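You will see two complexes here that share chain A, one where it goes with chain B and one where it goes with chain C.
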Partner chain A sequence: MRKEIRVFYVFSIVILSGLWEGLARSGIFPSEVLPPFVTTLCGSIQLIVADELPKHLLASGYRWAIGFSISLVLSVPVGIWMARSKRVYHFLDPLLTLTYPVPKAAMIPILMLWMGAGDLSKVTVIIIGCFIPLVISAYHGAQGVETSLIWSARAMGMGEKKILFRIILPASLPTVFSGIRMALAISLIVVLGSEMIARQSGLGYYLFNSLEMGLYQTTYSVLIIISGIGFLLDRILSLVMKNVLDWV
Partner chain B sequence: MKTVRAFSAVRRILLQYYSVFLVASLWEIVGRSGAIHPVLLPPVSKVAVRFFELLFFDQLLYHTGQSMFRMWTGLGLATLVGVPLGIMMARFASVRSLLEPPLTLGFPIPKVGVYPVLIIFFGVLHTSKIMLIFIESAFPIVMATFHGALLVEQRLIWSAESMGTEEREILWKVIFPLTLPHIFMGFRIGLIVSLIVVFLSEMIASAEGLGHLMMSSSRGFRSADTFVAIAMISILGLLFDRSLLSLRRKMLKWHPEGEHH
Partner chain C sequence: MTKLVVQHVSKVYTTGKERQEVEALAGINLEVNEGEFFSLVGPSGCGKSTLLYIIGGFIPPSGGKILVDGREVSSPGVDRGIVFQEFALFPWKTVIQNILYGLEQRRIGKEERLAIADRYIKMTGLRGMENLYPKELSGGMKQRVAIARTLAYDPDILLMDEPFGSLDAQTRVFMQDELLRIWEETRKTVLFVTHSIEEAVHLSDRVAVFSRRPGRINEILPIPVSRPRIREEEVCRRQYIDLVNHLWKAVEREVKGFPCSIKQGVFQQTSAHVRYAKRN
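Moving on to the complex of A and B:
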C-alpha cells in the first residue's frame, strides 16, 4: 500500500470514530443506546484482557478453524476431479447448480436435529457453507489450465501424479484463492449466525446475550472486536496470497 | 411427432439431472425403510405433500411474502444506492478518497455482527432486518460497480468528450453499459448474501417469515415442515439466480461476457 493511501485510511478511521464520539456525546441518543466510542473501545480492551470473552473467542475460533480447513481439504480435490473427469462433472454439476443459491444457514435446524445443538452441527454447517464456492473455484481454476501445458508435460514424460501437483494445482491456485476469499466471508457469517441461533458459547452468543441483558455497551465492544477479527483475517489471507502467488 | 419430441425432452432432462433423481430416490428409500426415524429424515414424498398442504391450506405463502418483502426491499435499496455510488467513486477522485477507505475496511467484516446494534436502533420488526440486508448486499454491489467502472477505458470517455457528449450522456451511454457486467456480478453476490441474511435474521429473531417457519417447526419436531421451508428457500434462490443469469445474457448480448454461462 502506498504511503499517501495509508494516510487516507487512518484519516477515515479517525473521522468515523470522531463522528461516533460526537454523535454519542451530543445527547441525541441516550447513552445506553449509543455509548461514546472511547468508552466502547476501552470496553473491548477490558473484555479481551480481563473478562470471559477469550473463552468465547476461542470457542468460535476453534469451530471456524476446523470447519474451514475441513471444507478446504475436501473441496479442492473434488473441484479438480470435476475438471479432470467428465463423468464426475456430469454427476456433480446438476447437484451443485441446484444447491448453489440455497443459503446453507438454512440447514442449521436440520443439522441440530441430527447432531444436537453442540459443536458438531455448527462445524458441519461451516463445512457445507464453504464447500460449494470452494469447489466451483477449484473447478474453474483447473478447467482453465491450458491443455497444451498438460500435453507438453506428458510428452516430456511427466507422470499423471506429477502433472496434478506440479501443473494443475499451481495453475488453479489464483482462482482457488478468490474462492477462499468468498468462503471466508460466508464462513464468518455462518459461525456468528449459528451461534446466535443455538446460543451456548462463542462470539455470536456473547453478542446476543449482552443485547438481551441490556448491556448495550458490551454489544458495541464485541462488535468492534468482531470487526477487527474480520479485517485481520482478510489481511492475513491477502498476505498469504501475495506470497504464494508471487510467480503470477 | 409431438410425443416423440416430448419423449426426447424428458429423456434429456432425466439424463442431464440423473444425479439429482438418484439422490432424491435414495433419500425416499432411506426415509421409508425406517432405518432412520421419520422425524430425523421425512421421505421426499411426504415433504412434497406437506409443501402443497402448507401452500394451499396454511401460511406458507404469507411467510414467503414476508421474507421476500424484506429481502427485496433491502437488496433493491442496496442496488439503488450502490450502483450510482460505485460509478461516482470511479468518476470523481474526491468521492473515491472519501469512500474507498471505509468501504475497503468494512468489506471483510461479517455484517451479521451489526444485527444486535440494528435491533437496538430499529427494533425486531421489518426495519432492522431490511437494514441488515441493505448493509450486507450494498458492499459487494458498490465494490463491483466501482472496480468495473474503473476498468472503463479512458480513451472511450475522452473520445466521447471530444465529440461533444455531455457528462450525463457519457455516464448513461458509455460508463454505465460498460460497467454492466460487473454490476451483474456484484448483484449476484448481493442476491446470495441477502438470501442468507434474511433467513438468518428471521431464525434469530422473528415472528414471521420462512426463517421463523423453519425454526418453529424444528422446535416442534415437525421436521417435514422444516424441509418444506428449506425447499421453498431453495426454489426461490434457484429461480432468482437463474432469472438473473438469463436477464444478464439478454442484456449483455453485445458483450463478450454475455456469451458464456
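Moving on to the complex of A and C:
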C-alpha cells in the first residue's frame, strides 16, 4: 500500500473518535451515558496499567488461545478430509449446516450443565464457535486444488500421504487463512459472551459487571480495549499472512 | 525400438444428471518409438487429452492397456512425465524449488539434485530466475519451468498436453523452437497433444489424426523433414505446405461431419453429441 493511501485508515479512526467526542460534548446525552472519547481513552489506559484488568485480560487471553488453537488443529484436517472424500463430505455437510445457525451463546448454559462453569465449558464453546468457519474454509481450499497439481505430484512419484502434506495442505493455505481471519472475529465474540454468562473472570466478566453497576465510563473504556485487541490481532494475522503467503 | 504401445484403449464416461454414457475413445491402437516426437491432432473434444491422461496413468481406461517397454502400466510413474497447458507449477515454491521438488522423491544426494536442477535451468534458459515465484513469471517462462521440472526427474516419455495452448502467438513460436532444441539435446520420447497443425508438423516425426468423438485414429502421417528444422526455411517449402494442407483437410473432414460447429466449444459439442447419439 502506498503511504498516501495508508493515511485514509488513520482518517477513519480520527473521524470516528472526533464524532464521539463532539456528540458527548454537545450535551445531547448525559455524560454518564456517553462520556467523552478522550476521557474514556484515558480510562482505558488507566485500566490496563493500574487496575485489576490485566488479570482478566490474561484469563480471557488464555482461554481464547487454547480454544482457538484446538479448533484450528481439529478443523483443518476435517475440512481437508471432507474435500478428499465424498462420503465424509456427505456425512458431515448436513451436520455443519444444521449446527451453523445455532447461536453459540445459547450453548453456554447447556455446556455449563455438562462441564461446570469453569474454563472447560468456556474453552469448549470457543472451539465449537470457530470450528465451522474453519472447516468450511479448509474444505474450500482443499477442494479448489487443481487436479493438474496433484497429477504432477503423482507423476513425480509422490505417494498419497506426501501429496496431502506437501501439495494439498500448502495449496489450501490462502483459503485457510481467510477462514482464520473470520474465525478470529467470531472467537472474540464467543469469549466475551461466555464470560458474560458464566461470570468468574475475564474481559467479558469485567465489561458486563461494570455495565450492571452503572459504571458506564468503565464499560466504554473496556469496549475500546476490546476493539483495540481485535484490531491488533487482525493486524498481526495479516502480517503473518503477508509473510507466509508471499507467493500468492 | 518401440517405447510405448497403446492397445485397444477405449474410454466411456458417465456424465450429467441422466447418467448418460459418452464414448470418448473407441479402440485406440498406437506404437511410439523410442526417441520419437509423436503428435496427436484432431477436433476439439475428440479425446486426445483423455488418451494422454490414460497413458500417464491418471485416469483408468475402460478397456485395453498401455505398455511401456513391454510392461503394462496402470498408475502414474516417473517413467512418464507430464506437462500441462496451464503449467501446474506449485505456486508456493520458487523456480528452483519447483524443479527440485520432483528430484526430492528420488534417493539422490542434495549436491547432485542441485547440479541436476542447475543443468535444466540452464537448458531451459531460466538462469537468473531461480528464486522467483511462479506468479512473477510470464506464461512462456512458467512453461519453461514446467518443462525443466519434468525433465529433471528424467522420465523416459514426455507427455505434453497442449503445452503452448495458452501462450500468445509469438511466445508460442519461440517456445516451439526452444522445445525442439531441448528435445534434440535430450532425445526423449515425446507424445504431444496440440490443436495447431503447423505446430505438429514443425515439431513431429509422426502425426496421428483423431476422428471426432468417439476418438479413433484415422491416419498416422510421417513428417519426413530433416532435422534440425529451421522454421524460416521450412515454411517456404512445398513439402511443408503440402503436409500442413493434408492434415488440415483430414481434421476439417472430421469437424464438418460433426453435428455442430467447432467454434461452439467443447461443452456444446458434448451435449449436442449426446443428443445425436440418443437419436440414433
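Throughout what follows, the second predicted complex is superposed on the first by the 248 of 248 C-alpha atoms of A that agree within 3 Å, B and C clash if a C-alpha of one lies under 4 Å from a C-alpha of the other, contacts with A are read in each partner's own complex, and residues count from 1 in each chain.
The definition used in the following text is that contacts are C-beta pairs under 8 Å (C-beta built on N, C-alpha and C of every residue); 3 or more make two chains touch, one makes a residue touch a chain.
Predicted model, so just to flag it, every value in this text is computed and none were measured.
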| item | value |
| --- | --- |
| Contacts of A:189 with chain B and chain C, given as first, second, both or neither | first |
| First, second, both or neither for A:62, with chain B first and chain C second | neither |
| Broader residue contact with chain A after superposition on the shared chain, chain B or chain C | B |
| Touching partner for A:112 - first (chain B), second (chain C), both, neither | first |
| Partner chain(s) touched by A:171 [first = chain B, second = chain C, both, neither] | second |
| Partner chain in contact with A:151 - chain B first, chain C second, else both or neither | second |
| Chain A positions touched by chain B in one structure and by chain C in the second | none |
| Interfacial residue positions of chain A with respect to chain C in the complex | 146, 148-149, 151-158, 162, 167, 170-171, 173, 246-248 |
| Contact set on chain A toward chain B in their complex | 8-9, 11-13, 16, 33, 90-92, 94-95, 98-110, 112-114, 182, 184-186, 188-189, 191-193, 196-197, 203-204, 207-208, 210-211, 216, 219-220, 222-223, 226-227, 230-231, 233-234 |
| Of all residues in chain B, those that touch chain A in their complex | 16-20, 23, 39-40, 97-98, 100-102, 104-117, 119-121, 189, 191-193, 195-197, 199-200, 203-204, 211, 214-215, 217-218, 221, 223, 226-227, 229-230, 233-234, 237-238, 240-241 |
| Sites on chain C touched by chain A in the complex | 53, 56-58, 75-78, 80-82, 84, 86, 88, 90-93, 101-102, 105-106, 133-135, 149-150, 153, 155 |
